Amino acid sequence: MTPSSDSGAWRKAWAVFVKDITSEFRTRYALSAVLLFAVTALAVVSFSVSPYSLEPDAQSAFLWTVLFFSAMTGLARSFVREEESRTVLALRLSAAPDDVYLGKLMFNAALQGAVALVVVPLFLVLMDITPVAPGVLAASAALGTLALAASSTIVAAIVSKAKSKGALFAVLAFPISVPGLASAVRSTTVALRGAGGAGTAVAVGVAGAAARTTGVAVARSASAMAAARGDLLALTAYSVLMIAASLLLFDFVWNE
Amino acid sequence: MRHLAESAVAKWALGIWMVLVITGAFFYAPAAAVLGEMSRIIYFHIPSAWVSVLAFLMCTVYSVAYLRRRREMFDAAASFAAELGLLFCIIATVSGSIFAKSAWGSYWNWDPRETSIFVLLLIYGAYFALRSSVDDPARRGSLSAVYGVLAFITVPLLVFVVPRLPAVQSLHPDGPIISSGGSLDMDSKMFTVFMASLAGFTGIYAWAFNLRLRAWRIINEED
Amino acid sequence: MAGSLGLCGQQPYTDFELSLEQVSHSFGKRRVLTSVSAAVRAGQVMVVTGPNGSGKSTLIKIAARLIRPASGRVVWRAGGRELGMDAAKGVVGLVSPELTLYDELTAIENLLFFARVRGWSGHGLVRWRGLAGAEDVAAGGGARARARAILEQVGLEGRGDDLVGTYSSGMKQRLKYAFALMHSPALLLLDEPTANLDEAGTEIVRRIIAEARGSACVVVATNEPEEVTWGDAVIRLGGVA
């Protein structure tokens, strides 16, 4: 995304993003709470399932449950904060809705990305998983993060104008996020298990570390990428659709 | 006055129609080969699911109209459509669940279509949770309309994406209702009753919706 | 504190005109404004007065196009044509008790941020490099230079790099004037203009209004008897219905 085509709009959205990042660094309003929540949730999950060895699809579902609820604690804050500290009036007076939306979207993607950067490696360590296709896992985490940010940013804007903000956010965001979450869970499963299906899952734990040095890992990773391609494409398409729809609808929320 | 007379006639016609549909469902249409007497659920379960989707579509249409024209009536109409949609969605979910218990052994299986209707139920729930937490009518109208449109965009994705989940195979009977090719595969008597029921349920939706809207007009436009 | 605030000759609209046509508004069932009509041209000051709850602040926000009136129209006219919604970001300067700037940013950062999202790049070349520590390369004074100059005008010189959260309420009120004047607005809307201000602050407000009279449209909502006399026209809103 080069900002050359419409550099003015991108620069304004970028200004909103930089402002939110600056505020976040000075106040730690969202990040520390969200990270603590994510790590706590992860510890609970890992602790409670530690006696059992889970199938990759269950592991993947747990990972995305933790990521989803972390998003639900954090992604509404940038909008809610504008509303609660009553800075929203000055922002509405100065900035075009599209720029605000894109800036907040970037901020939410960055925040959720930071959470994923901490949670995913920690998850692999605590659950003792060696992913068959680390590349697919990274792609799933990145695109899933983008999808979560895309679906929940406009919901955050809606929620910031309503009364019971905290509880409402997850309630509103979940049904809309389901298609993205479903794709992310599936491609993550492929990343953890490989393309071969349940049969190879058992061998993965043993072979994973050894195979790393050989060409087998490369081949397996490539076939996993092929298997996950459909879901990764679906994630991308879903994110694009949600962002486009949000850009069309955001004006009605923002100026309300 | 003429309007009132017409609506009374339509109401009675609808009542008689539904009596015929119910009678036909139990006595005229034969039971399906595999499912037996249980197959009669299709005359009530599927039309309810159809109406809950139709109501969602209408809710979206009225939401868009509200965002464009800002008339309070459109917001009220959107919420009435959603109310009826929620009602029929519950009916479809509960009737389907009872059928699932007797046909497949458990009330809930996370079958793809169960998942879809459950998410639809969640969307309706979220829609009303949002409405109840905004006081200002204009703001409530815009916010819920935006949410309605947004949710409407994701529903087709649910229909195409969720059923592809690998862990679950659809338990829904394809045979007696929709064959694998997608064409309707029913006995002609069954088909007649089924279509009549679809029309009847749609009529009930239209009637209840109109009633709600007329009541709203009386309260809001005469002061 | 000598020197011009630079209100004149910089904004694109020298013949700006605000008209309110039959504006009514209500919150739920409670009616706050009933069919208010008024017009102000550039160079005029209009004062809106009335008891608490009579809709002064609402009228100001409607004039700023922050609220859609339930009925009636708000028209901004300049250069012989009506300005669309897209013009809003460059037109309005607002000072209001409901307005809050970012506590966790410094005064300069606040002003630069709002200038940036307005797409204002100074009078000439301005290069942006992030919010903090931005280095503005400008021909004839960039946004940063203007922000500093305006802070000096409102009596906040030397405090520009302090976080707004550390400001007193009077200083915050002064900063709101800097926020409102930063982009040389064609329409200056002042709700309770001297709230929290000391005598020196009030004097600054008088000076700003006197200078704005040269080129901008000014609307003041107030209950101070002295401030009511500033107006070329006065609208009195009714009490609580």
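Each chain carries a letter (A, B and C) given by its place in the written order, and its residues are counted from 1.
In this section, a contact is a pair of C-beta atoms (placed from the backbone, for glycine too) under 8 Å apart; a residue touches a chain by one contact, two chains touch by 3 or more.
Because the structure is predicted, anything quoted here is derived from the model rather than measured.
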(request) Mind having a look at which chain is the central one, using mean CA positions? (result) A
(request) Please indicate which chain is farthest from subunit C, where distance is taken between mean Cα coordinates of the chains. (result) B
(message) Using Cα averages as centroids, what's the distance between subunit B and subunit C in whole Å?
(response) 51
(request) Please compute the C-alpha centroid of subunit A, do the same for subunit C, then give the distance between them in whole Å. (result) 39
(message) Roughly how far is subunit A from subunit B, centre to centre by C-alpha average, rounded to an integer in Å?
(response) 33
(request) Going through subunit B residue by residue, note those that touch at least 2 other chains and give them in order. (result) 135, 138
(request) Give the residues of subunit C that touch two or more other chains, as numbers and ranges in rising order. (result) 68
(message) I need the residues of subunit A touching at least two other chains; which ones are they?
(response) none
(request) Spell out the part of subunit C that touches subunit A in their complex, as residue ranges. (result) 64, 66, 68, 86, 88-89, 92, 94, 96, 98-105, 109, 113-114, 116-119, 128, 130-132, 163, 179
(message) Under the definition above, what is the set of subunit A residues touching subunit C in their complex?
(response) 8, 11-12, 15-16, 18-19, 22-23, 26-27, 85-87, 89-96, 99-100, 255
(request) Going by the contact rule at the top, pick out the subunit B residues touching subunit C in the complex. (result) 70, 135-138
(request) Would you mind writing out the residues of subunit A in touch with subunit B in their complex? (result) 57, 154-155, 158, 161-164, 168, 171-172, 174-176, 178-179, 182-183, 186, 189, 234, 238, 241-242, 245-246, 249, 252-253, 256
(message) Per the contact definition, I'd like the list of subunit C residues that touch subunit B in the complex.
(response) 27-28, 68
